[in-house]
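These notes are about the structure you will find just below.
As written, the chain order gives the labels A, B, C, D, E and F, with residue 1 at the start of each chain.
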Amino acid sequence: MKILKLGIPKGSLQQSTIELFAKSGWRVSVNSRSYFPDIDDPEITCSLCRAQEMSRYVEQGVLDAGITGKDWILENDSEVVTVTDLIYAKVSKRPTRWVLAVPAGSPIRRLEDLEGKKIATELVNFTRRYFEERNINVQVEFSWGATEAKVVQGLADAIVEVTETGSTIRAHGLEIIHELMQSNPQLIANKDAWEDPWKRQKIENLALLLKGALRAYRMVGLKMNVPKEALEEVVKELPSLNAPTISPLYQQEWYAIETVVAEDEVRELIPRLMAAGAQGIIEYSLNKVI
Amino acid sequence: MKILKLGIPKGSLQQSTIELFAKSGWRVSVNSRSYFPDIDDPEITCSLCRAQEMSRYVEQGVLDAGITGKDWILENDSEVVTVTDLIYAKVSKRPTRWVLAVPAGSPIRRLEDLEGKKIATELVNFTRRYFEERNINVQVEFSWGATEAKVVQGLADAIVEVTETGSTIRAHGLEIIHELMQSNPQLIANKDAWEDPWKRQKIENLALLLKGALRAYRMVGLKMNVPKEALEEVVKELPSLNAPTISPLYQQEWYAIETVVAEDEVRELIPRLMAAGAQGIIEYSLNKVI
Amino acid sequence: MKILKLGIPKGSLQQSTIELFAKSGWRVSVNSRSYFPDIDDPEITCSLCRAQEMSRYVEQGVLDAGITGKDWILENDSEVVTVTDLIYAKVSKRPTRWVLAVPAGSPIRRLEDLEGKKIATELVNFTRRYFEERNINVQVEFSWGATEAKVVQGLADAIVEVTETGSTIRAHGLEIIHELMQSNPQLIANKDAWEDPWKRQKIENLALLLKGALRAYRMVGLKMNVPKEALEEVVKELPSLNAPTISPLYQQEWYAIETVVAEDEVRELIPRLMAAGAQGIIEYSLNKVI
Amino acid sequence: MKILKLGIPKGSLQQSTIELFAKSGWRVSVNSRSYFPDIDDPEITCSLCRAQEMSRYVEQGVLDAGITGKDWILENDSEVVTVTDLIYAKVSKRPTRWVLAVPAGSPIRRLEDLEGKKIATELVNFTRRYFEERNINVQVEFSWGATEAKVVQGLADAIVEVTETGSTIRAHGLEIIHELMQSNPQLIANKDAWEDPWKRQKIENLALLLKGALRAYRMVGLKMNVPKEALEEVVKELPSLNAPTISPLYQQEWYAIETVVAEDEVRELIPRLMAAGAQGIIEYSLNKVI
Amino acid sequence: MKILKLGIPKGSLQQSTIELFAKSGWRVSVNSRSYFPDIDDPEITCSLCRAQEMSRYVEQGVLDAGITGKDWILENDSEVVTVTDLIYAKVSKRPTRWVLAVPAGSPIRRLEDLEGKKIATELVNFTRRYFEERNINVQVEFSWGATEAKVVQGLADAIVEVTETGSTIRAHGLEIIHELMQSNPQLIANKDAWEDPWKRQKIENLALLLKGALRAYRMVGLKMNVPKEALEEVVKELPSLNAPTISPLYQQEWYAIETVVAEDEVRELIPRLMAAGAQGIIEYSLNKVI
Amino acid sequence: MKILKLGIPKGSLQQSTIELFAKSGWRVSVNSRSYFPDIDDPEITCSLCRAQEMSRYVEQGVLDAGITGKDWILENDSEVVTVTDLIYAKVSKRPTRWVLAVPAGSPIRRLEDLEGKKIATELVNFTRRYFEERNINVQVEFSWGATEAKVVQGLADAIVEVTETGSTIRAHGLEIIHELMQSNPQLIANKDAWEDPWKRQKIENLALLLKGALRAYRMVGLKMNVPKEALEEVVKELPSLNAPTISPLYQQEWYAIETVVAEDEVRELIPRLMAAGAQGIIEYSLNKVI
């Protein structure tokens, strides 16, 4: 039997990845004694792997495919196929950003002001390349964590660090002066695996269902009943991206309408649908929207 | 842009309020370093606020609207607009009650028997007014918590305390002899904010969706297929409050029926629907029932 | 009013049983101070009871019905009515097995090799009967837990222990050489209660809804729109066990199809449905499938 | 090299036993992956073993010696050598007691009243023998835990359960009507091991140092300086069990006194010593008092 | 038998108070089901009581004595006897302070600038009196907690809050502009109890031993051997507050010196004692220094 | 005032370092909001710093001195002054070792067998130098953690990993074939700071007291009374490294003996001392042994 070797990211992405797979139709279970999570698909074997190292192992072909952050793919400068972006739902909807931060009120305001200075970061290779490409001479040191503290403690002049809202950086009395990159999870594949038709089909099916599940995170189903005379006006209010399903009711001049809408539009939409004549509106959750 | 200043209750109601907002269509996220939760609606700013203090700040106009308990609105004697009751779903379906409790077997049986006695409570102002209105002279002392223990320890003669089932009170060897008030969460508004058309519309939309989400907590969707000859009998079994949606099936003398029923009636209803001829019954959850 | 006395298993099955009841339509809430969980059905009283002891109390009539494992019913050799098996959904879908294990590489390979040896187990009576029926003379000792360690520590020659995947047994350096029994939760009833028509009806309704909820754990609802010309091909792809609901759409040569399918088939099914011409496929969760 | 096989009790006694060994001079460290704790004495190997099973394995010679409760030795009716009682220090200083409890206010007042009744207990064999010796016919059932609840739930008429203060029993609405046995930890030895001179010497040294460490738990060292004229009166105040060490100070008519006293007498003793003329009193902790 | 009714502070002081009593010679054990901790002295009964309410109950005579903060005694304006200050050892050695804080950079710089403003605090009565005595008209509102946030959220103009290092206040962007009071735990007594000779003696013994234990927290015992010729110089180095105990050694021209010194001086003292000729220096901990 | 900038290791050594400082006479307190722990010595400022990065910052002079592992000093190849080894007390007394491990049963048996293979490790630079010095060509890859799993997962051929007992390595099915280095904590100093007399004196005092506290971890004080005729024999039993303190008792032909012995010899020594005639033996703990 053919087998797809799939890397599951260990650490901060682990739990949300497993939940996403569950919603997509694969039950993955991590056993604390093993680095090979069980998956209920005999055609896939899973391997837990640090997001930082994933692209290296996909590039080497130890894994056929894996999920990791775009940032670490760039840090490792790995030659892999990017199958799809996977924008995991988050409250803030803000992307993960790698930024350059200095003490609030520092005279360093632009990249050029860092000439000859020391920068602490976990993303050493990417940061070195980034400054080399701009012909700015800096000393980049690997930071084993607590990077924000490096500047506070006088151990570095600036940091390159990951953040969503910037609040941890500000809480350390630092100020963001530049954004180097935005990142998000990606499904990547080994180049040879991508050339193998069976593996490619398997990976594409995976991508189709992962994206269907991600889409469902922020969409909901709506149902309502509408009298014939209000039908046109109600339909006009519905977002156009998904055509609604309209079915006539039994022995009545009424219609049932079903549709799928973005969750964050519902709070505006429902009052408008009521005004247009819809009744008995109910909303329900979705697992997948293909 | 117009902004609605909204108070989110901190403490025991906090988590269930945030979940209710999520179901209603607003994602609120509390950051442990901040008292201003993020909300994904640019027209609202949130502020975390103790339920005990909320009505004071809504009355003063520091907040336009807020969610808090009816009990603390009465304790603070605040002049605010009560927009709607919000009966959060609970297992017991019993309301929150403020009761007067004394040692089990105490000769104190009625309010009048407390003349000249000492009462410990967190609800000092309400309790004082309550006894004054009945012309009973008592000494009411503020209790900083563990109020039930006050009587056990001989520090007070009676307590006025909040309870749902009375089990904590009984576990302390006390007995409830009187109920002073029932309480539940309420959405309240500042009087001036309520006069402002934009703010009022915003608050009313909020109330509409919060109530729609609350209603969905204890209702479910049911679907089934029914042959023509059983249609009338099956429909007769369905609760009358929501008219079912009946649609003819393709090239068959069968109909699909969809309806919304109270979750705690389903266990009685399903056997009756089967007996009446329904087939392929499925039940699913709802997010909102408007 | 008639009352059904129902035993809820305490311990490893407790949480999943309560969740199953919630999905089935009964809210059970366990109070840490009480052994009688609340249930929102005035016709039932619940009692928390160890799975190991449940069948004894159902047999004696202290309880009318209860949920416990088949293994402990056999250990206690209780005369009760088995109403239904309840296969709780698990990742592995592997059943609970009681197996005989010896040190890896031990000369003991068959049951007969245990003649005159010492076996540690929690299931003393069942194990004794099992060997007696096969005329093998062994010494069976009750193990208070950590049974796998008994062989490692030289305290026993073999163990009879429960396992799903065998991984804990292998992690102790043991090897499974025989399976004595497979077990799963069962709803059981007292013989007299089963003869009482009211109680039997109540227990059968309970069984119907518990099974409906269990079925829903691994099934999902699918909806899609299909043009007339693709209808036949799409319907052919759908699993035959549940007839799909097909309704014509309003003023279009399109049909809406709804059906219920096993969750672990969906990942294979969706690509095939798309290829057959289905559009706007959405998947949603179910609470009950009757 | 000769080796002593020693059983360390797993569970409620485990942590305090390891601390007692540390104070006695042996560092025992439990590795969560192993049932053989490390000990820094090459002449001893340790084995973790349930207190309930310990005496069985010491009797069989699988272990040379072990620490367990007197209650479980009696339950197992094991023939072993009792080397010494080990009274672990506890706040209450009350012994562990196995008592018979019935519902508060029950007509059952004496052992005889249990004739024909059902008793739930973890100590089945001991309880059976206890009633047989008194010619009282009872049905004793093994309880897998939560024994106090058995009577509350109507599953048994009485329980035999372990307690120190009786507070858990009273909290379940039960009443103690009889004490069957007092228990405490004991160091026990296998009969053959006790006959082996090397093993016996090793076990006796262990007993000497364990007892020395236990004694130190509730004793403290006191030092003070005393002028010649007060010497007699101060010495008179000191408890007579340990002769004080009195040494003359350099070029002064003063003496230094050192002694060991029970910790719970110190609070009465210090004021009296001050009154008698002692100065510069200091108190310090002890590891061992031989 | 005479009984002293003693209040033990519940909450932040509870654990350190119980540890202090243990070191002083009384074992107090708190049972989670009871508000009356056990104590191993038949002449004392303990009652757990909020620090905020303690002085009220001591004043009323419900308790004979208790431990609470000076701040809450002043807040309650209670007439009680202050037996002794109890300075619990803390790392920072900084006292607990109640301070007035405003937003960093606010124009409010002095008490007078608060005329007509709103202050949030838990210490309402004390704060009101403090400003009245200075003829400054302010509105003082009770804060149910998270007081620092009140200013950040615009709910108050200033706060009166407790702090040790000021770091929480600064972390909220506030600035301390005035200190209203320093506080520490105190042992207090009811006036009538203080007049009762037996109770007073009991309370004074308690105070003697609590103070002896507190002193021992930051003192240690030192021992060393010194040749005759170095004796004078070594003794000169020793702090003068406690006369050292000097005893001649057996058949040698050497002396043993023992003394008690402050723990935080030892690190400076030891190098000096070595330089002066002391040898074999050892340091040990103390339980009490009377 | 002169200030010593001291690095405290963050992470696995943090807690034990702070406890060692407490025993040595310095109270260090870490505030979760700050990277500069408080210390009760105005001449020292502390900075929390990863063990991996410490030597880099001491070398650069950002810190004057610090505590870190010898392994990370070698990894960073830092030029610093090694002031003293600090062997923290551990149960096993085994040193920390960096070892080379391969799958159990692998044909790789010697360093040379790794020619052309891939090694995963956190200690990349040290490992590269180690193999280069032996002219063995290997590919060394940085591992972000879970290094043992790398071989299991097929991501590397061998690992260089830290271990004490080897049990985690064996639990992963690996085998140690070579030890590259032993490591322990060290107090290191910056070269310029070491030339500054004030800083050198401060660092040396620190070293003196840290070593005194470490010595005390595994030593205890013993006291006993001995009659004149047994004096010689008892003294002969005492370990010779520390001369005992012998003082004559008052008006008796007895002597008090005090001495300091290794904790793990006490259990052998006490029975011998008793046999030799010693009485009233007590043992107590020590904070420092200089």
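Just so we're on the same page, contacts are C-beta pairs under 8 Å (C-beta built on N, C-alpha and C of every residue); 3 or more make two chains touch, one makes a residue touch a chain.
Computed from a predicted structure; not experimentally measured.
Peer 1: Tell me, which chains sit next to both chain D and chain E?
Peer 2: A chain counts here if it touches both chain D and chain E, which gives F.
Peer 1: Validating interface symmetry: for the copies chain B and chain C, is the fraction of residue numbers used by both over half? Same or different.
Peer 2: Mostly different residues: under half of the interface numbers shared.
Peer 1: Please identify the chain with the largest separation between its CA centroid and the CA centroid of chain B.
Peer 2: Result for the farthest chain: F.
Peer 1: When C-D is set beside A-C, which has more C-beta pairs in contact?
Peer 2: Counting C-beta pairs in contact for C-D and A-C gives the edge to A-C.
Peer 1: Averaging over Cα atoms per chain, report the distance between chain B and chain D in Å.
Peer 2: 52
Peer 1: I'd like the Å distance between the centres of chain A and chain B, where a centre is the mean of that chain's Cα atoms.
Peer 2: 36
Peer 1: Would you give the residues of chain C that are in contact with at least 2 other chains, written as numbers and ranges?
Peer 2: Answer for chain C, listing residues that touch two or more other chains: 247-248, 284-285.
Peer 1: Using the touch rule from the top of the page, what pairs of chains touch, sorted by label?
Peer 2: Pairs satisfying the touch definition: A-B, A-C, A-F, B-C, B-E, C-D, D-E, D-F, E-F.
Peer 1: Contact residues on chain A for chain F in the complex?
Peer 2: Against chain F, chain A makes touches at 10, 35-36, 47-50, 52-53, 56-57, 62, 141, 143-146, 149, 152-155.
Peer 1: Within the complex, which stretch of chain B touches chain A?
Peer 2: 24-27, 29, 31, 33-34, 38, 40-41, 205, 208-209, 212, 216, 221, 242-243, 245-248, 255, 258, 260, 284-290
Peer 1: Mind pulling up the chain F residues that touch chain D in the complex?
Peer 2: 91-93, 167, 171, 220, 223, 225, 247-251, 256, 263-264, 266-267, 270-271, 274, 280-285
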